[in-house]
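What follows is a short report on a single structure.
Should a chain be cited, it is by its letter among A, B, C, D and E, assigned in written order, with residues numbered from 1 in that chain.
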Amino acid sequence: MRYGYYPGCSLERSAAAYHQSAMAVVQTLGIDLVEIDDWNCCGATEYFSINLLPAYALVARNLALAQDQGISNQLVAPCSACFLNLTKTDRYMMESSKLAADVNEALAAGGLHYTPGTVRVRHLLEVIVNDVGYDAVAARVSKPLTGLRVAAYYGCLIVRPGYGGIFDDPEHPTALDKLMRVLGAEVVDFPLRAQCCGGHMTQISQEVAFEMIRRLLKNAADYEADVIVTVCPMCQLNLDAYQPNVNQFFGTDYTIPVLYFTQLMGLAFGASPIELGIGKEFVDARPALDKIGVALPLTEAPRRPERPKEALPMPRMEEE
Amino acid sequence: MNEERIGVYVCHCGSNIAGTVAVEEVAQWAAKLPNVVVSRDYKFMCSSLGQELVEKDIKELGLTRVVVAACSPHMHERTFRATCERAGLNPFLFEMANIRELDSWATDDRAAATQKAKAMVSAAVRRVVYHQPLQLLPVKINPNTLIVGGGVAGITAALEIANAGYHVYLVEREPSIGGHMAQLDKTFPTLDCSACILTPKMVDVAQNKNITLLSWSQVEAVEGYVGNFTVTVRKKARYVNEEKCTGCGICIEKCPKKVIDEVFEAGLGYRKAIYRPFPQAVPKYPVIDTSNCIFFQRGKCKACQMFCPTDAIDFEQQDQILKLEVGNIILAIGYDTFDPRRIPQYGYGRLANVFTSLEFERMVNAAGPTGGRIVLRDGVTTPKSVAIIHCVGSRDKNYNEHCSRICCMYSLKFSHLLHERLPDAQVYEFYIDIRATAKRYEEFYHRVLEEGTRFIRGRVAEVTDAARMPGEEGKLIVQYEDTLIGKQRRLPVDMVILSLGMEARRDSREVAQIFGLGCEYNGFFIERHPKLDPVNTMTEGIQIAGACQGPMAIPEAVAQGAAAAARVLSLISQGTVMMEPVRAHIDADKCSGCRICNNLCPYNAIVFHEDRKVSEVITALCQGCGACVAACPSAAITGAHFTDEQVMAQIEGMLWDVQPQFAMTSMETR
Amino acid sequence: MMAKKKPRFAMYWAASCGGCEISTLNIGDKILAVDEAFDIAFWPCVADFKVKDVERYPDGYIDLCLFNGAIRNSENEEMAHLLREKSKVLVAFGSCASEGCIPGLSNLTTAQATLRAVYLDNPSTDNPKKVLPQPFTKVPEGTIRIPEFYERVKSLDQVVPVDYVMPGCPPEAKQIAAVMDAVITGVALPPPGRTVIGAGNVAVCEECPRQKNVKQIKRFYRLHEITPDPEICLLEQGIVCMGIATRAGCGALCPRVNMRCEGCYGPLNGIEDQGANMVAAIASVIEEGSGPLAGVDEAELQRRIGEIMETLVDPAGTFYRFNMAHSLLMRARFKGDVV
Amino acid sequence: MTATAIAARAPTFLEEVIARTPGESHLERCIQCGTCGGSCPSGADMEHTPRGLFALINAGLRELVLRSNAPWYCVSCYYCTVRCPQQIHITDVMYTLKRMAIDEGYYTESTARDAPEFSKTFIDFVESNGRSFELGLATAYHLRHRPLNAVGMVPMAVGMLRRGRMDLVPTRIKGIKQLQAILKRAKELGGAK
Amino acid sequence: MNDSYEPVIVGFLCNWCSYRAADLAGTSRLHYAPNMRPIRVMCSARVEPQFVLKALREGADGVLIAGCHPGECHYVDGNIKALRRYELLKRMLRQLGIEEERVQLVWAAASEGNVLADAVNRMTEQLRRLGPLRWRETVLGGDAQPEERAGEMMAKEV
């Protein structure tokens, strides 16, 4: 099984662990993900707020590259926001010939053209669940996650609004639950499974964002989850990196690690935590992983040399 | 080309047509068309003076064809056909050009409208030349009637017809008649006890000599046409001999197998494997549910047989296939309630204390599973707060776009019943609009307001058990926007009731296919006219009544049942019915027996004679759609009043002004 | 020659393959009767005549003229006019003359494309200088004229009035014999005016011995894709047999040997357009595998139907194999075109 | 008929919003049921619920709408869109309102005026590098618009760096010139529809 | 028709749904392009492909066939038969050089006056853009019979 691969900006760095673990897992499953050469940012949730046609053109450049590089007519995106933007652009270009014409006129300035409908964009989870299948995944499990209480967290954009077709119920999805059960984990009921992680609200209104994160943490804690498992780098970032801030803000003391589903898959397949990028979380995953007998080395994963805290460098500013 | 003498009449319709179309000009222009001997315009052609004009011309000028350019043929085609007939001209030698609805009312552009009117008149003139005199077809009416569905609509219709002295076959799929109404506790707004008013009617059905009640039965096929239908009914095996059974109920008592009753008790209660849906069931005979019966599943038990005092249990019983001859059919197959599992955010099936409206009906019913006690799913706890959510599965393009019409009122009824039984409980009604539009409905709404129910305008976004704030723990939290204050809010309650909308029966499309009816996009049957002919269908001889036509409350269903019965009685009393002669006919000399047409007819009106190798249209069965006419590759099938040459001539006429490019070849075959 | 003046007979070959002539000679002994009964006035295939001879005849000199071949070039048209003038009874003989036949299929493309295909693009063509035939070519001796290649193929009746039509590609020898017999023995022909003679009035199915059942076509097959059951109607098996929409007269020759009827006898009386008629008939009996009321979504329905239709390769070329030049649309004529 | 010329009516605010939203937004169908307002995860903090905004749009209260913080508080979770009984593309409409607020300058008066700045900063990075750049984004945005808050964010940024989850310099794609040409062309072609 | 080109469409409307939809459009005074000339048939299944060709041949720029929505046909599934024929006809017309926009099949329920009106407007607009049916270039092919020459021959014949 060969697919084009669009990692998206997050997976380059802030969610490198997602990329790392995804690569390890797909290799085990016999999936070939070939990265699209020279892809660009999808614009996240920001570009559509500012200027519509450039926003579509930005996304469409990726579709055109995927189309032209001929890796596969299917393109896998592990990030839900990228997945949404790519499917949305393809869908709207298909529905509106005017939009398609305009976008293509813009693309022509870069010598590109995209025929809507050529590239089928898929989320990594959906590929694993539908193309590989639960049975094939089950066959690879060598170290089942027995005893680990998992809250399967989908977030929004993988299930809503379904520009790329309905993959799972937009209100009460279950695919990730099933996958986690296949890995041997105990999946807790998690009513807020498809609620929003706060998205970019962390940058706009922390109070609002923190409340949204709190709800999710509380719900997972209420059901005594050991770990929250996610399918999106934004969700992971918000729930993990902001967990201390949320605790501070509300006076709570949640310590629920947030891992990518590929990391748990990797563990179940017997991969080492390090090769899955475990150890990069803000909220320590070790207590949770202890339950399934996965020991993390005491030293953290190798990383860049640290800089003195006080010397936080300012990046070079662009002219405008 | 022929000797026909055509009269053309262009109607002003006051200013309705003349305001946009230059009618005088059209009339003068039409006078020059081939075969036209007189062409007039007149203020109101449909007035008696206008009609007299036509009659006079037919008689005095010897017209052999008439064209009236006026309104839609659906409006006045019959009028002018009658006009022709009065003057001694066969009514089918008339053609109408619709220059009002399709022309003057659809544009402001006078020049274009006039040009279009000319095209339509020209088309009618060319077409009418090829018209042939036709006769209406008389059909005898069999006085027996089939009624499908034993809910309140079907029961009403059956009693009306039976009481008029004619025989009725009442077919009901469930073991008992009664329908949804038998499940209800009280009926709004009068709060009559549903069983008290329905049961006597059910008993009347059982006792009426003119009614053959076929419960636990289904119609499998319908053949024939108005006046002469042959209906195949499968009478499923009950495994209880109706001749011997006294309905004592000992078998039910002794049956060891308890089953959740998904039908009558809406899943809230239990029944046995041999059962009667409810004590007052009509007929009184129980049925064995073989998929749950221990004997049928494992070959042992027979407790019912052992205890039956009249030896009525018969495990060997087989389904019976009955052939019924009837003249008319009334479909009253009712509705289904929306399945709320389709809206996961309301939590039905996941959250124990979310109930459906039908569950609540059974719960408040004194004869229901809780004996009328209102409790949570644990069967013990009394709720202190109840939220009733309106429009579940209704007014929602994701599910059903239509308003189900009854939910507002039964929700109000629930509020009232909750107040009556649990005076301490707080009741909330979440609504988009309160639709209380029939007699005494608005008054009932006011009464419920006065009783202290809190009305919150806002469609509920979700019901969850995920507590967010103190006070929410252990409750169901209803999240919504109170649209009257424009704020998002959350309300913790003990119980949620989902007011389910009405849907067409899940198998309504299959039923429609058996009976040759049309369904709307949402599965409800299409009536002949939504206002003027609501119980008739496009298929002659088949009426519809009750909620299979669209969402409606009991009084309307009863009225429709009676209306359908009146329709049937009127046909029976006429003895014969005259039918439009728009029918297909196969010229046996031209038919090559290729059998292309054989399975095209939705009414099975085409038969193939294996001996002569030709197909034939049974005129009485044909409805005149023309599908076979168009398909016949030998031009052996003609469709009366819509023949190839008529339509071809009409096309030529329509395009009289736009043939700039070619001349005709004189050598063409026609 | 006997004293009694024999009627005069002519037969001419325009854009055609020659099959009509062969079929005529195939009538066996009857050919002697023809020779006996007629004086041959013009029959280039059989005897040496020149156009000049015909031009010298007075109008109406020829009693019966069988004209085969379509009108493909200016010569064909000139001959059609000439023979019309000189003949009392003009018969459009065979499919080419009556409805354009195989040459008529070139109406699906342009004359330019046809010439290119023949003289330039054909793999077996050796034409290094890329010479195309020209109506006028200057040579030292003067200008050579060859007939002008028309843009569009027409049937005979599109250039001159025709009294009778004898369909078929070619007309069956026994049908020709029967007509000749009738003419010779003086049986009155039906009134003229493009009247069909020498054929039936019912479809080929009438003569076809195959078992016919109710039809439900799930996909179409071309002949090489399937081995048809020899007893059952070919159409039921998904083979686009034109017999249902084709005039009988041939004796269902093709279906009898497992070949689909290709429609050479043309449409039946009352049919304006054989192709459109086939569309109506065949499309009606496809089975897209969904109860029409099973609540199938409209787009899905259209997709399923489209899928089946895609298996019917080249509908225009199939349905109009013989009738293209005489199809309803092709019968359109520019104002001023001569009948 | 003698016709009096009536000047063509200017499009209403509702029509404008619909025209500027790609595809069929169906905004005109709103029945004011409040499903969107109830479903919105940040709805409790919005000055107007989506439903409320639509009522204001229908009433033509342009300034009120374009000054509202509501569109900027939209987190693109699409709950409203999938739940709307009238199948209105609410999230898309929110994006339209954001663009209109920027175009008409009203956003500066909004309590959420930082949000568009965040979006713009984000875009600046994308337009000059082809990829987003979290550290640059966070610092540039916070220093420009929330100097006080920037300090509060330091521990997290440091955490990100320490865990190797943030880069110190942006990645730039090879085809940046090509991308810039495309975006330039797209901007010239104009944004509407 | 000289100054500005206005296409003419022949519309085959089924008696039960689309003709009633057209009636309703009129009754509701929905103004739409007056370019469609209606012919009533009992069912869209009565519309023979021959009628379509005939209309084009007689000078129509386009043909609209309108029926009930699938599942709502008065004659159960006549519209499905129409759809099947349309799908095949469309493919054949494509080969004959007739643009797809010229022959269209739409569904309009009796209550959907607006749907029918929109369809007529849309089709009129498409045909305006397309221009008249180019007989010589597409259907009949090339320029075999230049008008002058035809005129000449006409004179000779007369």
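One rule holds in what follows: a contact is a pair of C-beta atoms (placed from the backbone, for glycine too) under 8 Å apart; a residue touches a chain by one contact, two chains touch by 3 or more.
Bear in mind the structure is a predicted one, so any value in this text is a computation, not a measurement.
Hopping across touching chains, the smallest step count from chain B to chain E is 1. Chain pairs A-D and C-E differ in how many C-beta pairs are in contact, and the one with more is A-D. Per-chain Cα centroids separate chain C from chain E by 30 Å. For the pair chain B and chain C, the distance between C-alpha centroids works out to 53 Å. Centre-to-centre, using mean CA coordinates, chain B is 47 Å away from chain D. In chain C, the positions touching at least two other chains are 271-272, 277, 280, 284, 292-293, 295, 331-332, 334-337. Residues of chain A in contact with two or more other chains: 171. The set of chain B residues touching two or more other chains comprises 345, 462, 509, 513, 519, 600, 627, 630-631, 644, 648, 660-662.
A list of each chain pair in contact follows: A-B, A-D, B-C, B-D, B-E, C-E. Residues 1, 31-40, 43-44, 46, 48-49, 51-52, 79, 82-83, 85-87 of chain D touch chain B in their complex. Of all the residues in chain D, the ones that touch chain A in their complex are 20, 22-23, 41-42, 45, 72-73, 75-79, 81-82, 91, 95, 98-99, 102, 112, 114-116, 118-120, 122-126, 128, 130-136, 138-141, 149, 154, 156-171, 173-175, 178-179, 181-187, 189-193. Those residues of chain E whose C-beta lies close enough to touch chain C in the complex are 48-50, 52-54, 56-57, 69-71, 73, 76-77, 80-81, 83-85, 87-89, 91-92, 95-96, 107, 135-136, 139-145, 147, 150-151, 153-154, 157.
Contacts from chain B toward chain E in the complex involve residues 72-74, 98, 100-109, 112-113, 115-116, 119-120, 123, 509, 513, 516, 518-521, 526, 530, 538, 582, 600, 602, 623-627, 629-631, 639, 642, 644, 647-648, 650-652, 654-655, 658-662.
The touching residues of chain C, counted against chain B in their complex, run 157-158, 161-162, 193-194, 201-206, 212-216, 233, 235, 243-245, 248, 268-272, 277-278, 280-281, 284-285, 291-295, 331-337, 339.
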